[in-house]
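For reference, the structures are reproduced in the following blocks.
Each of the next two complexes has chain A plus one other chain: chain B in the first, chain C in the second.
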Partner chain A sequence: MTTFLAAVLTATAPVVLAALGGLLCSVSGVFNMALEGQLLWGAFTAVLFSHLTGSAWLGVAGAVLCTTLYALLLSVPAVTFRADPVVVAVGTNLLALGLTAFLMRQIFGSGGTFSSPELAGLPTLAALGLDAPVAGSQSPLVPVAFLLVAAAAWWLGHARSGLRLRGIGQHAEAAESIGLRVPLYRHAAVLGAGALCGLGGAQLALGNVTLFSEGMSAGRGWVAVVAVMLAGSRPWLGLAACLLFGAAEALGFRLQGLGLPQQAADAAPYLITLLALVVVAAARRKEAPV
Partner chain B sequence: MSSPEPRARAVARLIAGTPAVVSLVGALLLTTLVMLAVGVDPGLAYPALLRGAFMDGNLEYTLAAYVPTLGMAVAFAIPFRAGEFNLGGDGQLALGGITAAALALSTGGAGSFVLPLIGAALAGALLAALSAPLHTRLGIPAIVSTLLLSVPAVSLASYLARFPLAEQGTGLAQTPLLPLAAHLPSLGASTYVTIGLPLVAVLTVLWLLADARTVPGYEIRALGANREFARYGGVRVSRLTALTLAAGGAFGGLVGGLIVLGAPYRFVDGALTAPGYTFTAIAAVLLAAGRPLAVPVTVALLTILQAGGQGMEREAGVPSQLTQIVQGLIIVIVAVAAVAKARPSRRPA
Partner chain C sequence: MRTISPAVVLATAALTLTACGGTGQPAATAPTGKNVILITPNPVGTNSFLQLSVKGAEAAAKEIGASFKLYESKDPTSIAQNLDAAVRAKPTVIVGVSFSFDDLFTTVPKQHPDQQFLQVDSCAEEQAANLTCVSFKEHEAAYLAGVEAGLLTESGKLGVVAAIDSPFVHRWIDPFLDGAKSVKPEATGTPLYVGGNNPFSDPARAKSQAQTLTGQGVDIVAAAASAGNQGVFEAVAAAKAKAFGVDVNQCAQSPGNVIDNVLKHVDVAESAAIKDIAAGKAGGVKVYGLKEGGVGVNALGDDLASSGCAVAASADVVAKVKQVRDDIVAGRVTVADPLAG
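Coming up: the complex of A and B.
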C-alpha cells in the first residue's frame, strides 16, 4: 500500500505543477493549452543542464529558466498581440516536440531515449535524511509541488495581488478602470506557468526517472488542462483531479504487472480523466441549467 | 488604393500581404536562423531538401504522403469551420486503420477495398462524434475531448494489432498481410501512389463545394463565426456540431483505411501515427488562414517540407525534426498575423 501511495505521488507531481500553472493563467483570463509542450521542454532542458553541469539542481534551475523563456512564445503572441491562445498553444506544443527531438540528435547524437551514468538525477528525501514511509522515496520536488498548491490557494484567496489576478480574469475592463495593468498580470501568469512547467518537467525527467525520451510528457500537460477546467479557480480541486489521474496511472502500472495489457494501462488515465470531466460537467449542469 | 497602381504590382502586393505568404516567409527565415544556430549550412540543406522531395525517385513518396496529409487536413478543417478543434486525428487514423484491416481479414477480401474503407470512415466518424454531445450538452471543448479520446483509441488499435489480430508466430506488432482483393489498386507503375489519391482529391473538392455553395456549408461557417448568432438565426447547433465532427472523423478514419490498404498492405502498429500526418495537416489548415481553397496548396507545401526533411537528414545530416520546428513556428506566426490583419491599428491597451 505504501509503495502504491508513493507511486501515486510520483505520478501526480509533474501534473500538479503544470496544472497549477494552467490554473494561474485561467484565473487571469488566459486559456493556457501550451502546458504539454512546456512540460516536455522542461524535461529536456532539465536533462540537458544536469548533463552539462553534473548537478541535478542546476538541471532544475536550467529547466525553470528555459521553460519560463519558452513561455514567452505564448505570452507575447497571446497577451501582447492578442492572438488566439489556443492556436498559439497548438503551435508551441508542436514546436516543443520538434525542437526537443531535433536538439536531442544534435547535442546527444541519438534519437529515442537519452540516459547516461553521468546524468545526475534528483536525490530522494530518504537520501537527504528525511525518511518517512511514503515520502522517503520521493524527490524533494514532490513536497514542493504540494506546498505550492497550498501557497497558491492562500495567495489567490487572501493576498492583494492574487485577488487582483482573479479580478482581472473576471472582468478585465473593470480591473483596468481601477488602474491595474492587465497585460502585466497576464504576462506574469503565463511566465509563471512556464516556470512551474519547467519544475514539472524537471521532476518528470530527473525525479520520476533519470532520462529524457522523445514525447515523454505523454499527454500529462493535457491532463493538467483538464484538471484546470475541473478546478475553476480552486487549486485544491485541481489537486484532487491530478491525484485521480496519478492514481489511475499508478493503478494501471500495478495492474500491468498482473497481466493487464500495457495498452489498457496507457489508456486508463485518459479515460478516467475524461470520465471525471464528464461527471463534474454533468453535475454542474444539473446545479445550474443553462 | 485610390492611386492607379500598375496592376501587376498591385497583385504582387496583394499576394505578398496574405497571411500565408507572410507566415511562410517568416517561417523560412526562422528555419534558416535555426539552421545557422546549430551550424548547418542552409546552402547545403535547402538543395538537399528539394532533392529529397522531388528527385531520385522521391517524388513518388512525396505524392504518397500528400494523400494522407490532405485527408487529415480536411478532417481538421471541417470541424474547424464550425469553430471546433479536432485534435484527435491520430486516434481516428488508428481506429480507421485497424477497422479496415479487421474487415479485410474477416471477409477474406470479399468486400474488396470498398467495405473496409467504409468501415474505416464509420469508425473514425463515431469516435469523433463522441465529442459533439460532450461539447453541446456538457460544455467540454472538443479540443480537449478529441485529444483525450485519441490516446485510448490509439491504444485500442495497438492492442488489437498485437493480440487478437496479430500475425501469428512472428512476434511483430502487425496484422497478417491483407487479402489481395482488398489491396488498393495502384496508379500506373507506382506501388505507393494508389487510387487513394483521386479518391481523396474528389472528396476534398466535394467538401470545398459544400463549404462554399451549400446551405449546410453556410450554416457551418456561420456557426464558426458566431455560435450564438447562428443559433439565433435558426441553425441547429447541436446537430451541426455533431455533423462536422463526424465528417472530420470520417476523413481521419478513411485516411487510416487508405494507409492500411496500401503498401505494405497490413496494419503495422505505430506506422500510421509516426509520420505525424495529423499535426502537419493542422499546420497546413491554419496556414491557409480561413481560405479553404488554399488548403490543398498549403498541404502540398508542408508535405514537400516534410518529405524533403528526410532527404535533408540523409544528405546534410540535419535531423528531419527541423520540419516539425518549422510547422510549430508557422502556426504561432499565423496566429499573430491573423490578428495583425484583423486589427491593422492597435488600439491603446
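Coming up: the complex of A and C.
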C-alpha cells in the first residue's frame, strides 16, 4: 500500500504542476493547451542546467526560468496579438518536441536518451532527513506541488489580485471598465503557467528519474489539460482529477501483474476522463438550469 | 525533424537564452555509383542497438565501395517520409531496421520491383522477391538470460518490464521465464508493459513499473523497454535488486546492477546481408541464432571480465550458461518461439 501511494504521488506530481498552470490560465480566460510542450521543455532545460552546473537545484531554477521564457511564445501572440491560443499552443508543442531533440544533439552530441552518472538528480526527502513511509521516497518538489495547489486555492478565493483574475476570466469587458489591465493579468497567468510547467518538467526529469529522453513528457501535459477542463476554476478539484489519473496509472500496473491486458490498463485514464466529463457536465447542469 | 527551419530554431534558441554549439552534419558521398541508405525507426543517439546497425551498414558499404547515407526517423510515424525519400534516391539497397518497417515493406518493395530492400531484425509478412530479411532468434538468448536469473534469484520472483504487449516483444519475456523455470521450477514471473503514449521512450513509467515489481518482492527485473531501460536500472539500483539489459552491453549504464544482457550482434548479420545483396544474392530470410553467433549473452563473450556485467562474479552460472548454449546449438534443448505460437 505504501509503495502504491508513493507511486501515485510520483506519477501525479508533474501533472499537478502543469494542471495548476493551465488552471490559472483558464481562470484568466486563456485556454492553455501548451502544457505538454512546456513540460517537455522544462524537463530538457532541467537536465541541461543540472548537467552544466552539477547542481540539481540550479537545474530546477534553470527549468523554471527557461520555461517561463518559453511561455512568451504563447503569451505574446495569444494575449498581445489576440491569436487563437489553441493554434499557437499546438505550434509551441510541436516546436518543443523538435527543438529539444535538435538541441540535445547539438549540446549532448546524442539523440534518443541522455543520462550520465554525473547528472545530479533531486534528493529524496528521506535523504534530507524526513523519512516518512510514503513521503520519504519523494523529491522535495512533490510536497511543493501540493502546497502550491493550496496556495492557489486560497489566492483565487481570497486575495484581491486572485479575485480580479477570476473577474477578468468571467467578463473581460466589465473588468476593463473598472480600470483593470486585462492583458497584464493574462500575460502573468500564462507566464506563471510556464514557470509551473518548468517545475513539473524538472520533477519529471530530475525527480521521477534522472535523465532526459525525447518526448518523455509522453502525454502528461494532455492529461493536465483534461484535468483543467474537469476542474474549471477550482484548484482542489484539479488536484483530485490528477490524483485520480495517477491512481489509475499505478493501479493499472498492478492489475497488469494480475493478468489485466496492457491495452485495457492503457485505456483506463481515458475511460475515467470520459466518465468524469459526463458526471461533471451532469452536475453543472443541475447547478445552473438553463 | 527535417522540416524545422534553422531560422526558427535559432530565433527560439536565442529567445530562451540557451547556448548551443553548432556542428555541421557530416556529409558522406562517394563518386562511385553504389550507395547504401539506412533508415532507422528512431533517433540513433545513445540507442546502442541502432548505433550497431549503423556501424554494420557503414562497414559493409565501405567494403563494397559504396557511399553511405543515414536517414534517422524522429519516431515510427515519420518512417514513411524517409522511405519515400530513399526510394527516390534509387540506391543499391535500402536498409530498414526493426519491425517498424513490417507494414511499409509489405507494400513498397512491390511498387518498386527494381529496388533492393533489406529489413533487419524483422520481416514483412508478405515478402517480395526484392526484399531480403535478416532476423534473429532472440528467444534463444533470452532463454540463456533466464537461466542466469533462475540461478541467481533469491526470492524466486522474477519480473519483466517490456515496452508493449506485442507478439514480437514476447520473445524477451516468455523464453526468459522458461529459462528461469528450467533451473528453478518454482520460480514465478510477472511481465509488466509500459504502454501509454510513448511506450518506447517513457523512462518515468518504466521506472514506476519496475518499482511495482520490486515492491512485490521481485529481485530480478529483465528490461525490454527500449529508452525506458534506464528507468528500470534506476529502480532496481534503489531497491537492491538486479536487472538484465537488452540488445547491447548495458552493464556500464548502471554499474553493479545489471547481471547480463540479451545480445543481438546486428552489425555482423547486417553487413553480411548487404554484401550478399551487392553480390546479387538477394531475397529470402537469413536467420541468426546462437548457432550462427547472431545472438548471445555477455557471459558467453571472451571479454566478460571487462564487460562490467555482474554475472562475471559467478563462475558456476557462467559455466551452466555455456552448457545450455551448447545444448541449444546441438538441438538437445529447444527454446519455444513465442512468435511461432
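Rule of thumb we're sticking to: the second predicted complex is superposed on the first by the 261 of 290 C-alpha atoms of A that agree within 3 Å, B and C clash if a C-alpha of one lies under 4 Å from a C-alpha of the other, contacts with A are read in each partner's own complex, and residues count from 1 in each chain.
In this text, a contact is a pair of C-beta atoms (placed from the backbone, for glycine too) under 8 Å apart; a residue touches a chain by one contact, two chains touch by 3 or more.
Please read these numbers as outputs of a predicted model, since none were measured by experiment.
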Chain B versus chain C as contact partner of A:L243, first or second or both or neither: neither
Partner chain(s) touched by A:V182 [first = chain B, second = chain C, both, neither]: first
First (chain B), second (chain C), both or neither touched by A:V15: neither
Partner chain(s) touched by A:L95 [first = chain B, second = chain C, both, neither]: both
First, second, both or neither for A:L72, with chain B first and chain C second: second
Touched partner set for A:V209, first chain B, second chain C, both or neither: second
Touched partner set for A:P261, first chain B, second chain C, both or neither: both
Touching partner for A:A193 - first (chain B), second (chain C), both, neither: neither
First, second, both or neither for A:G219, with chain B first and chain C second: both
Overlap of chain C and chain B interfaces on chain A (superposed complexes): 73, 95, 98-99, 101-103, 105-106, 111, 219, 222, 261, 263, 266
Chain B residues within the chain A interface of the complex: 38, 85, 87, 134, 137-140, 143-145, 147-149, 151-152, 155-156, 158-159, 162-163, 279, 282-283, 286, 319, 321-332, 334-336, 338-340, 343, 349
Chain C-facing residues of chain A, complex: 3-4, 7, 10-11, 41, 45, 48, 65-66, 69-70, 72-73, 95, 98-99, 101-107, 110-115, 204, 208-211, 213-216, 218-219, 222, 249-250, 253-254, 256-257, 261-263, 265-266
Partner chain A, residues of chain C touching it in the complex: 1, 4, 8-9, 12-13, 15-18, 20-23, 42-47, 50, 72, 74-75, 164-165, 190-193, 195-198, 201-205, 207-209, 211-213, 215-216, 227-228, 230-231, 234, 253
Of chain A, residues touching chain B in the complex: 33, 73, 77, 81-84, 86-88, 90-99, 101-103, 105-106, 111, 182-183, 219, 222, 225-226, 229, 261, 263-264, 266-267, 270-271, 273-274, 277-278, 281-282, 285
